[in-house]
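My questions will all concern the structure given below.
Naming follows writing order (A, B, C and D), and every chain is counted from residue 1.
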Amino acid sequence: MTNILLILFVISLVHMGLSKRLNTYTAVLAFQGILLFGVAFIELIQINVPNLLFVLLETIGFKTIAIPWFLNYVIRRNKITRESEPFLPDFISVVIVTTIIIGSFLLSNAIRDTHVRKILFVAALSALFTGLYFIISRKKIITHVMGFLVIENGVFVLSLAVGAEMPLLVNIGILLDIFASVFLLGVFVNKIGDVLQDQDVDQLRNLKD
Amino acid sequence: MMGIYLTGAILIGSALFLNRHRGWNYLLVTAFVLLQWALTIHVWTHRDRTDLVYFTPDALAVLFLTTLSVISVPAFWHSYRYFASDKEIPRERSIYFAAMVVLLAALSAAYLSNHIAITWIFVELTTLSASALIYHRRNVRTLEGTWKYVFVCSISITLVFIGILLLTMGVQEAGFSDLSYTSLAARAGLFNTFWLKLAFLFIFTGFTVKAGLVPMYTAGIDAKDKAPSPAGALFSSVLIMVGFLGIFRVYAIISHTEIFPWAGRILFISGFLSVFVATVYMLRVKNFKRMFAYSSVEHIGLVTLGLAAGGVGYYAAILHIVLHSFAKSAMFFQVGQVYRIYKSKSIYDAGDYFRFNPAGAMVLLAGFFVITAMPPSGLFISEFLLFSALFAGGHFALLAAVLLLLTVIIWCFGKNIFKILFIKPVGFDEGSVESIPPVESLSQYVLLAGVVYLGFFPPGVFVNLINHAIGLLPK
Amino acid sequence: MGILNFLLIAGASGIFPGIIIRTKSRFSGRKGPGIFQPLKDVWKLLRKGAVYSETTSFIFQIAPSIYFASVLMAIAMIPFGSKGGLISFPGDFVFFAYVLALGKFFTIIAALDTGSSFEGMGASREALYSLLAEPAFFILMGSFALLTGHTSFREIFGSLHFGSGISYAIGLLAAFVITLTTLIENSRMPIDDPKTHLELTMVHEVMILDNSGFDLGLILQTGHLKFAMYGALIANFFLTPGSELYYSIGIFLVIEVLFAVAIGVIESFMARFRMNHNPQYIFTLTSMSLLIFLGVLLLLGKIV
Amino acid sequence: MPVAVIIATFFIASLFILLVGGRWKGFVAVAAVLVNGLVSANIAIRALTGQAFEEHFYTGLYFGELAIRVDALSAWFILLTDFTLLTGILYGVRYLKPYEGKASALNAHYACYILIHVAMLGIFTIQHLLWFLTAWEIMTLTAFLMIIFDHGKMEVVRAGINFLIQAHISFTFLTVAFIWIHLQSGAYDLAGVSTYLSRAHPALGFLLFLLFFAGFGIKAGFVPFHTWLPYAHPAAPAHVSGVMSGVLIKLGIFGILRIILLARGGFVLIGYTILIFSIVSGVYGVIMAIVQHNLKKLLAYHSIENIGIIGMGMGVGCIGIGLKNYLLIFAGFGAALLHTLNHALFKSLLFYAAGTVHQATHTMDIERLGGLVKKLPHTTVLFLAGSVAICGLPPLNGFVSEFLLYSGLFHGMAANLETSTLLLLAALSALALIGGLAMLCFTKAFGIIFLGRPRHLLPEPFKEDRLGLPPGYLTLALMVAIGLLPSLFLRLAAPAIALFTSVPGQLPAVDQASHIPLLSTMQAISVSTVVFLLMILAILLIKRKLASPVAAWSPTWGCGYAAPTARLQYTANSFVRPLRKLIRPLLMMNKSEGVIGGVFPSDPIRSDTHPYDKLEATLIDRPLRGLRRFLGRFDFLQNGSAPAYILYGMGFIVLVLLIPFLADAVTYLFNLFKQV
């Protein structure tokens, strides 16, 4: 069951790679939230209740509802145009995302470890690198944030790989989630929206030597 | 004690945040300083005794904490001077001081924590508070600087988290679950090095942001540049130390495994590249605040080299980073004064500083000699030991390259500093020059004197602390 | 003993210029003045009052005396065969060279003292030529030191002769070098034409344009002494030690006269070089003395 | 005890300088230097008379024992340092009179002056590596601060930085060398050098020596490490230049001598190295000096030349040690030590004179000067004496040391040493050539500056400052004393020289300190010198008696040209032109010449030459430019885009992970192809 969810998760990444509109991204993020909820539920069913509740709340309440809504709000509030304006054409980005996935698959195969579930590893790594790829290849600050969120999801998956024994770590990961998302998004994107008319990173390239 | 400290810090922080009245503000900050020193003293008396489960003040922690407490005092004092000289908006002030208190508390906790995850949390907190400090001036540039800092820091902190997860996998495979440094170090032999390698790589890369090392030193430069100079002083001294600490702890764990040489090589690469990059930009920058920031990159690079070289290099590294913290914070405090006189950070606008503020100019001059590790600067001793470590390790080519780069750095450094000190600036009206009382430079003299003293006549307890600290590493 | 040598040289200096002039006038088919005419001129000058330029300072007034004294000092160092000169100590030829240099130093600055462009020109040439000639002398003495294992005029000349024929050959070569040196030092043909009337082509004469009276007399007499001195130096190569005194004095006088005649001949049959050729010519001295050095090395069997 | 006194003097004096005002600062400084001088000189003299001074201090945890030792060598240098710094400050107080307004600058300057004295004393006596380095760098920094005394001028500050950087390079070499020693001996004692060298492989030993030579050579100003000198000297105040050129660069000489004392074996090779460097320095230095127009720059290049001469002495001495030839050692090191003293004397004298000229005329450009003999009679005499001495002419001190060197060389010749004869001959001819060139240079300098008529309108009628003269005459007196009584000073230096003759395991251990060669020669020299002087006097007397009174005073004979002006005089540039033409390939004369238009050119044509150091252009400037260009290639890193910054991190991780794989692959393929 987990595997199916995770494969869906990976596919969602590919879809993100080829989609052009910001709304699609938010939708995908929400979808990933649901997937993660499923995975977390299955993986962490045996850990103590409060932790489990916390995790579930986080995945559903936060990843699936709060953040996408908030993203849309920010997009509307700052009148951000709908295109993601990548530096590269979609085709190429799809290719790259695919290579990333394959690469992480190969890398995971290099693991000589019995009780780490490779599939989790694959999903996590591909999410991680795809997120980085988004950050690097997209123009808009908001897309950078989305890329960051994808990375977060990847980390979440990775933390599930050890989560069963390490509730503490999972919670920390969630803490990171909440902190980073709220802080990054909430405060700064709006501030930048106030200061700069269009949300282009090139506006933010004055501090250099 | 730790519990008292943390709760106290939180209370004071929130109180500062809410309070708008200056007098109360002073009072609260004083209270925090007292608390800070109380913790320091307590830690001195309770060495290596675990407190609140996750906090154990080992030698390194004690050393760093003391450094922090020492630097915090002038930091607050100069912050007040900063507000006194600048337009003082109560709201900004309260945010500023609240953030600074949180930053210092988080740093202290990060130093003291004996558990990698706890360290991680508090490092995260430093990002939070630091960004508030950077954003203090609230204009486009600071916004940009803050955005980059926060963004890069979050990524890096994520990398560290991934590293921790990977480490955990190794731990699980090794069949235990305790993530405290001591147990990790004790069981290091059991690890599957594959996980360890990955973990170290990610954690190292993550912490380079705080430590200001290649590859991710970049955001730190903007932060030190854009933050008010007292905050900049903290960033380039104690915040660097926390990054170093994070790396050092994991390195200490690695040191008990067979991938130790591999980790050492990574440190070599990163350290040398840091010195190199610092040189590249020392040649280039015309903004003296950024120049000092780059000089921090150079020094932390040297520290890393010392750590990698091993032997006496360990000692040199710790000594160097502590002394550098004193010297560099002093320089940043002074930079604040320079900025107040010229209202600009470009060396083209600054000049003939000796005329306008002799006391400060002396600090700048002495500071230059200290930072560039010319005797009688204490940094000379650490660099001497550091180079002998490199020499003893047989890294002759590396040593030669580093020496060459350092010479170039001193050259650029000197050119700019002496331009500021002696050469008349063009188009600068001397009518509206703010006169700065010499007493403001006092703290900097003290810090620089401390560098000389600790370098040349180190008290026995200081040496013992360092020796204990490097006891974690194999001889 | 040394004093005799001193007197001999002084005496020789009396007739030396006369002989040269006589030789030249003979070759140019004139009768020429008496042998002692130059000496008389000097004496006349010594009695005269001087005309000084307003530009000059005390330097200009003391320089000629120092010049003269330096040459006298140098003469005092010249040995007479195996018998030393007035003063003799290891390395005395260094003193010899440097005391002469001091004299030159003062003549040069005296020339500059007048602030005349012509004399400056002369001074510059004088300085250049002397510095070019300097190494030759030292290389020469160095090779003799190497050859004989001694480091003073007396010992060197004393032990120079107990060699085979080749040592005489070296002596001849050295004599040649010294002759050239003399021509340069006294700025005679082919380096410089004392009889020219174009200041632009003078070296020594143009330096002393402003000297007059006693000073001029001194300077002229110094020139004569220099001739005699170098003559004596050459003579020393051929004075066989241990022989009777009258014998060696005879040799000495003969050589001095021959030397003077030789110079006369050269002056009458050679044309002056172009100014810018002089340096190369002077530098041949150095190469010549290097030749001597190599010869010595051969002699000692160091080079096979 | 004396150490404490000296250091205390520094602090007390600095305090007083801060407190007292205006002109009294100078007096305090003089007093302080005097006190330190007396204390140290007292020790030094006792050391020279056989009772060496030694003190030990405990300095902290990882420095441990610090030994302060004064042997004959240190004593010799201490004495000449004390003397030079004393005259220096005496002159400086007068020289800095115009600056009495700038209190802070004066405070810094005087404090630095006292401190550099202390630091130098430390350098001569400290036996502890780290403390030696510390003293060394303190000396550098104080010197730097004194150089930029007249800051506010860009070129002064630039010269200062140039000095600082090159000094730091020398410092770096020394640091590496000391690290080497420290690691080998495990201790911080200078003696570690010899303990290491006695067991090290000769090649390594030579390498170590080269490190030291580079380090000390930069300070001493051996070509090609000389480029800082010609900038630092003109920038500094006159007395500082005097002290720098008199003493500071001698620290390098001291260091090399110290290392030679500590060395064990390989002396012939060391000797050759030093000798070759010295020959080049000597000739190149004087040649560069000849083409300079700036008086102080000219003097600076002459320091390089004299360092060359000192170096020749050391080289000859080393060869002597290597070949176990006692006379050679004695003559060589005797020449080196005496010339160190002599150069300190006449060079500081010349710089003081130059300083007075600068005060009078506000220019150092030789071409604009002239006829100063009328305005500054005393300075003229001093400068003349200095010139005669620096050309190594009798009857002054310069001749003595050069004579020692010559006799060393000739003895080397006469001793018919196997391999080194040719090199000795080269040194011989080089020395002779240097003598001639120096004469050209100083006839030019003295003649053009002080004689003839003013080539340029001088600022204001200027009276010589009488109080500025005593230091000069003091120095002159000592110079004359050395010139007339060389044997005395040779005997004084004998203990120091004896150190070199008794390098363990090198010479049969006869008690050679007792018998001093060349003494009789020295006496002979003093006799001849006296005779010579008497002769001059006699002739002058005769002149007074014999010659009739001056007939007339008339303008200079212009060879028929009726209206000579001051501008028709021979210029310095034209004076050296013939030589310049001869040695053109060695020089780098940047000319700027106007073109003459028309048959009767109406408007004046300017044509001037800017001599530049060719070696500097090729050895310093070009590599530096290359380095800058290379570093400049990497300035894309801080490009301001956050994604890029993150990319660096990821790139780092990926590379570190990939590179081992790639390396493995490459090695695998390599082995594969090797099997084929």
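Definition applied: a contact is a pair of C-beta atoms (placed from the backbone, for glycine too) under 8 Å apart; a residue touches a chain by one contact, two chains touch by 3 or more.
Since this is a predicted model, take the numbers as computed values, not measurements.
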Pieces of the assembly without chain D, by contact: A, B | C
item	value
Chain at maximum distance from chain B, centres defined as averaged CA atoms	C
Chain pair bearing the highest count of C-beta contacts	C-D
Chain centre separation in whole Å, for chain D relative to chain A (CA means)	69
Length of the line joining the C-alpha centres of chain B and chain D, rounded to whole Å	43
Rounded Å distance, chain A centre to chain B centre (Cα mean)	32
Gap in Å, rounded to a whole number, between the CA centres of chain C and chain A	100
Shared interface positions of chain C, touching two or more other chains	none
Two or more partner chains touched - positions in chain D	635, 638, 642, 646
Residues within chain A bordering two or more other chains	132, 135, 144, 204, 206-207, 209
Touching pairs among all chains present in the structure	A-B, A-D, B-D, C-D
For the chain D and chain C complex, residues of the former touching the latter	370-371, 373-374, 380, 384, 388, 391-394, 399, 402-403, 406-407, 409-411, 413-416, 421, 424-425, 428-429, 431-433, 435-437, 439-440, 442-444, 446-448, 451-453, 518, 520-521, 524-525, 527-528, 531-532, 535-536, 539-540, 543, 546-559, 564, 566, 568-570, 574-579, 581-582
Contacting residues of chain A [partner chain B, same complex]	110-113, 115-116, 128, 132, 135, 141, 144, 148, 151-152, 155, 158-159, 161-162, 165-166, 168-169, 172-173, 175-176, 179-180, 183-184, 188, 191-192, 195-196, 204, 206-207, 209
For the chain B and chain A complex, residues of the former touching the latter	117, 120-121, 124, 128, 140-141, 143-148, 150-151, 154-155, 157-158, 161-162, 164-165, 168-169, 172-173, 177, 192, 194-195, 221-222, 225-226, 281, 284-285, 287, 290
For the chain A and chain D complex, residues of the former touching the latter	129, 132, 135-136, 144, 201, 204-209
Residues of chain C touching chain D in the complex	46-57, 59, 62, 65-66, 68-70, 72-73, 76-77, 87, 89-92, 94-95, 97-99, 101-102, 104-105, 108-109, 111-121, 123-125, 127-128, 130-132, 134-135, 137-139, 141-143, 145-146, 148-151, 199, 209-210, 212-214, 218, 276, 279, 286, 293, 297, 300, 302
